[in-house]
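Below, chain A partners chain B and then partners chain C, in two separate complexes.
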Partner chain A sequence: MKKFYLMLLLVVGMVVLAACSSGDEETSEGGGSEGSSSVDTITAWAWDPAFNIAALENAKEAYNGDGEYEVEVIENAQDDIIQKLNTGLSSGTTNGMPNIVLIEDYRAQSFLQAYPDAFHPLTDVINSDDFAEYKIATTSFEGEQYGLPFDSGVAALYVRTDYLEEAGYTVEDVTNITWDEYIEIGKDVKEATGKNMLTLDPNDLAQVRMMIQTNGSWYVDEDGSTPNLAGNESLEKAFETYKEMMDADIAKIVSDWSQFVGAFNSGDVASVPTGNWITPSVKQAADQSGNWAVVPMPRLDMEGAVNSSNLGGSSWYVLNVDGKEQAADFMLNTFGSNPDLYQTLVEDIGALGTYSPAAEGDAYAVEDEFFGGQQLLTDLSTWTDEIPAVNYGLHTYAIEDILVTGMQDYLNGAELTTVLENVQGQAEAQLK
Partner chain B sequence: MSQQSTKKGEMDLPVRLRYKETKREKTGVYFKKKVGWLFIIISVIAITIFNFYPMVQAFLLSFQTGMGGNLEFTGLSNWQRLFGDPTFIAALTNTSIYLLIQVPLMIVLALFFSVLLNDPKLKFRGFFRIAIFLPCVTSLVAYSVIFKYLFGIDGIINIFLLNFGFIPESINFLADPVWAKVVIILAITWRWTGYNMIFYLAALQNVDKSIYEAARIDGANSIQQFFQITVPMLKPIILFTSITSTIGTLQIFDEIVNITNGGPGNATISISQYIYNLSFEYTPDFGYASTVSYVIVILVVILSIIQFRVAGEKK
Partner chain C sequence: MKMKKKAFLVLRNNSLFVKMFLIMVLSIVAVSLLITFSSIRMSSNLFMETFSISNTKALEQIEIQFEDYSFAVVSAMNQVQNNGTIKRVLTQTDATTIETFRSYHDISEQIERIYPTVESYDANMIVLGNNERLYNVNYSNWPVSWEVLRNHPITEYTINRPNTLLYQYLPSTSFTDEPMIVATKALMERSTGEIYGVLYFPIREAQLKQFYEGYTSMETEVLLVDETGRIVSSNKEEMIGDEAIDVMALAKEVEDEELEFKDVHVFGKDYMLMSQYLPTYNMYLVNLVDKNAVLDNLVNTKEILLISLGIVLLAVIVVFIISRRMTNSISRLVKQISAMAKHDFNMPVAETGGYEAKKIANAFNSMLSELQEYVDLVVQAQQKQRSAELMALQHQINPHFIYNTLASIKFMIQQGKKENATDMIHALISLLQNALSNVDQTITVEQEIKDLKNYVLINQSRYGEGIKVNFFISPDCLDCQLPKLILQPFIENAFFHAFNEKKEGFVQILVSQKGENLLCEIADNGDGMEMKGDYTKEDIKEKRHLFSGIGIRNVHERIQMLYGEEYGVEITSNKGEGTKVKVELPLQKTDTLVKPNKITSFQE
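So, the complex of A and B:
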């Protein structure tokens, strides 16, 4: 009666899987004919017309190589891209697959490992030293560089200077602080202004992810697959901090994106700790111009933690299908080596790349009136270079779904070590 | 007697004509059979290719594990994993709760509405019928999003309850494990009651009015009429709707994803959403995902057998 399409989708996936298992010889044959893989049109998939699609269009215009091919940019929802890649790649047929695709960094390893031959290595194509170091760990696999790092997910603390002032603080007071100091300031701000310090969504642990990355830690071990939850000191500290924020009553609870954006647009919260891609949303409230500043992310109060973290961000991948040489050529010529393109991206769409040579350009030095004349992009680029590199591994979202239940238990009074041992056990049971 | 008369009748026909007639009839039957097969052969082939073949493949897949395309046979390991997987158990529990509360609630409501709306003395019958059936034409996603906003912390339900002083402060329905389930159940009931009601209305039209008349003459009141006549007469339809609703609820997906996205924690996650997560949200593990989907198949079979036994005709 309802919902058959989910099953249908699975079933279609299975049919193609079956076709794949019986067609192994064919696949290897396809691999042999690498010489004649030239095509007239290469396709690229991305999801945001205001951001990465626009970046691709800019790159098309900026292309100045001698390759003779058309680039077709196709917009798909991110979830659709994930589904299409999964069904397509697991079937082993390359029909309908794009040449270039944008993949979120948290998901990159699962694609690279689940479909080992599906991606075209770019090790010899791009110079990985040109890109922010933390991006390289997530976009490479077994020594080969597969991804061309694109947007920076550098996290920052967006603060309302007027609220801080009311509580007797300056921007310097919130610069390079720890989360513990942040909470203290939050209490004072709440007392002075009645405003909450930040929003929290108990179903989305982005806050925890950003916190533990300041200390170079993640949900999984270095190997990218063993859950690292029980006994993970950074995670313990992040959970404690999260609970302190709840207990101190400085957080407004939200449950979705529109409430999250609504909270700071309507002036309900004094700060927003999140990825830099929030800038356009913060600027939506034009009447708050001049009342905002952006400072480095608070760090965990631990030895070795730095005031820089990451949230989100994505990278380009070239699929191992006909036209891969052209796709790699296009990528190298544009995102891989053209600092001017990054200047255009910053000017036109506010997209902050992770290509280091671009950071010296003029566009990055522009003073942003909304943020009180701060050289926002220069600051963000500097912080990007300091983001501790971690291997996001395979199971970010799977583990996070388990952690969310653990967080609920913890907030309801369960003991932290028990909670983390519990989620560790669950994660090990689920991720075999 | 009749045989004799037929024979007699045939006798009257000229022999040649009779012979021809039989021959034509014979080829006709043969031809008709062939044509009949031709008509259904397309659907038979289509069902085999698109239904049975994938079912068998999915079953085989449920014995394999691995990421994405690197699958290998691992025997019963997926099935073992199933029973130690807390997320699966949470999904199964939630789905069972939806099933046990929502399906009976909806069937009873639908039955109740259909009897009310079948009353010929009721004014604006057409309007009420449309009003109750209308939710069924709305898109699953659209109505889910509306429910999400209705029950949001600043939603109209909270505003209403606050303004009339029923509650001291807003309830965060979607962040509370119990309330979130209540919202999901309310939403599905709102969406599907009218759909089931239509089946009952159609069936009620076929119940002979004279039965009720006879009952009234014998002095049966309307409650007795409902339980002694309406319910037994509608038994096959009740069975049908409860089986289709059971299957539908076991596969519930859109409402969960759009209203709560499985949250808070795993408090509302359904089996279908877990299958989706395993395939597309997490590192793809199609083998395990199809094991979980076969659990739905097994549940549907078991529950349908039980429903047939309880409500169906005993042979």
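So, the complex of A and C:
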């Protein structure tokens, strides 16, 4: 009888074992939620792991508020962020939307205008005066501050001091000059060294944008939507300058980013007029250390133009979804009021912020040997404050698409006024 | 009843086999059942899990397709919303013919510039203005008039939600033969809040289906269910437009609880349901996998069951044969051993069967033979002892006899019966001579009779002539051999016990051949006695005045010991009629003296 029970036990045991083997499914599922309905976790979208994603991670470390929530940083390509925001916001859903999103300044206004209720105003959260003035114009809408300015797109002229010297110029000779003077120097440099002065990409009118902003002008009027092309003197001057550079044969034509970087890394060009975010790329060519200097951007030869401009740059936005208070709190206690964070950003990832109090920090005063001991960050911060504020409006890229064709017509010999009237007409038909 | 008993007996005899076999069969069946079921379960679970993973990936791909389309719609929508020309034309009132003509041209130009954004999806684009203006890019895809469209429920619905891009289902009966999904957006002037038009992106359901059709099969179905639970798109055409609120609820549950999948029972079948919420469409993309159909392709349960049944049968047969063989030899052994008593423990068991059984039988047999040897030794020793005892007894002449006889002789001499005394002394001498002589075991009949006669003489001299003794000896027996003093105890018995009541009588002694045997009979007509049983027992009391140590009881024993069991003493007696003693011995002539059996060889 005892044996029988033993056997019974054995059989039961085996059955239980067999049952167990299939019992542990569906236990570890779920996990990372993309939804933002939970206020325990807020999500943030950005696109560059080496730059703005890293900045967010630093911000998480530097957070000095007393909110209790997790911040989840999600990397998405910039185009995906634009697409997801557009599709999500247009259908009025908050499902799958982040709490914090990074938006390029040129695009900010179109989002703010198209989806007015989708963003959470930060007017009462941050102090706008602490940030570079030109940033405020692009990140606010109808009197409300929506964006928290992040990186500075301050433009500068990176020059090869050795090439200049060869042509008989000093760094002073290229400081605070006009574009006309720049072209003259370029001709001499080309003559002396055989090197081109700069690179130009026919499909990217970044140079034109930087030029017109030195004079506080843009593709659209102050209202942000009316195209301001025909009769825009700054634009006319920029077009003329552009053509002059072509005519002077001082520009190397490139068609993409790698050719652009390759040109100055290999020493093919004598200067790079672009945003300060190019610094790490310039420094990649370690053998050129000490042969570079950074000077203010050339200005348009016009009344009121300054030697300061901008290219690119982005800002943080808080979406009007559950958890917006936490997201605003996170923004305030990191990028909004934490000078130490900006020191870390500069030191660790070379990200130059637009938070003015941060410029007084020690990290900004560091002398950069690559640029011959120049206090580069201090200089850039100073120029940042001088950037003329413009409203980038809704249609920067839409208008530029039209302008690219206009530029081709102009370079092919069309009358400038006609060209600009033509593009103005096209823009008005397409945009309002 | 008998059958039952027989069955029980068979069962008991084979209990070892039955137990072993039952346990093994139970184990085999249990193990194979468990293995079969758990492996079927495990493999189907594993398969379903991987299936669900790949289907979830497929769903994600489908979702990307939907989002791409959605993005195209949004881009086109943004362009239309930002388009000054479109706004101008749609808000234009009281225009002259020329102005209207230009407007139509301008707006067509703009719309045709924007349309390619969605054209690759084969979606149509319709712009509806309040001022009876309608621009339908691809007229074949929803040919609708301004009045119908303006008063259409989807237009009403859109105007009530001006800030949202809506995806609405249009059943096939309304306008065309094919059901459509229409993305709609009200065109609103932001500053005033005035709605100046409505934008439509109708796409045929068949076109939408292409987003996911590549991921469907016989077993997997994809449904697009809107928030009201209506199936707006499916790879099963007959389902389109149906209400499936339960599916919607389940999809919502899966999505809300972030499950990988859920086992559900809908449309009368068991499905594995996976779902993906499409936030921009406000619809659920549902993937239904027909579990049974999928598993039928994977696991042929019937085949596996048959195979394991076959294995079980095979194993049971093998187990039957092996355990039968093993237990059989053991049970045979057991049977033989139990029957051992019937054969006086001298029948060896058969050494057959398996190795173990053979060994056991072998050990048992050698034990048995050893035992037998010992038993033989003991028996022999006992017989030797007994024989020695008898021998000793034979050589013992009772001193009383001699004393009494001598006393009698003394009286005779005193009475002056010289003759008689001399005879008696002669008789005594001859008797003693024969009795005590150690030369031979056996003597001739003649000698024995002589001794008996001497003995009778002595007794008659002592006790008188009341008892007559007659000798009838067959002459051919005279030279036959017989053990010494074998008949004397019977005569002595007759003298001393047969005539206690009757004072006179006679004793007859007959010796003759009977076949191969020598038959000696001692018969008296004395008192006789009640034969109670075996004469060898206490029936005949030994008295002290014995001539030699050998009593009647010993005679039988001695004969049997000397010649075997077929010989011996037989006594018949009746009260008052006398006693008759028959002694049967083998016929042994002096010259053809047969060597007595081996026991005699121990005599020296």
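Here, the second predicted complex is superposed on the first by the 393 of 432 C-alpha atoms of A that agree within 3 Å, B and C clash if a C-alpha of one lies under 4 Å from a C-alpha of the other, contacts with A are read in each partner's own complex, and residues count from 1 in each chain.
In this section, contacts are C-beta pairs under 8 Å (C-beta built on N, C-alpha and C of every residue); 3 or more make two chains touch, one makes a residue touch a chain.
These figures come from a predicted structure and were not determined experimentally.
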item	value
A:T405 touches, of chain B and chain C: first, second, both or neither?	first
Partner chain in contact with A:G96 - chain B first, chain C second, else both or neither	second
First, second, both or neither for A:I253, with chain B first and chain C second	first
Partner chain(s) touched by A:G373 [first = chain B, second = chain C, both, neither]	neither
Chain B versus chain C as contact partner of A:N86, first or second or both or neither	both
Chain C versus chain B, contacts on chain A by residue	B
Residues of chain A that lie at the interface with chain B and also at the interface with chain C	7, 11, 14-15, 18, 21, 83, 86, 90-92, 110, 113-114, 116, 394-395, 398, 429-430, 432
Residues of chain A that touch chain C when the two form their complex	7, 11, 14-15, 18, 21-22, 25-26, 29-30, 33, 83-84, 86-88, 90-93, 95-96, 110, 113-114, 116-117, 225, 394-395, 398, 428-432
Residues of chain C that touch chain A when the two form their complex	23, 26, 30-31, 34, 37-38, 41-42, 45, 49, 67, 70-71, 74-75, 77-79, 81-85, 87, 106, 109-110, 113, 161, 163-167, 185, 190, 258-260, 277, 279-282
Chain B to chain A touching residues, read off their complex	50, 53-55, 57-58, 61, 65, 67-71, 77, 81, 84-87, 140, 148, 152-153, 172, 174-175, 244-245, 247-248, 251-254, 261-266, 272, 275-277, 279-284, 286, 289-290, 293
List of chain A residues in touch with chain B within their complex	1-4, 6-7, 9-15, 17-18, 20-21, 79, 82-83, 86, 89-92, 110-111, 113-116, 118, 202-203, 253, 255-256, 259, 394-395, 397-398, 401-402, 404-405, 407-408, 426, 429-430, 432
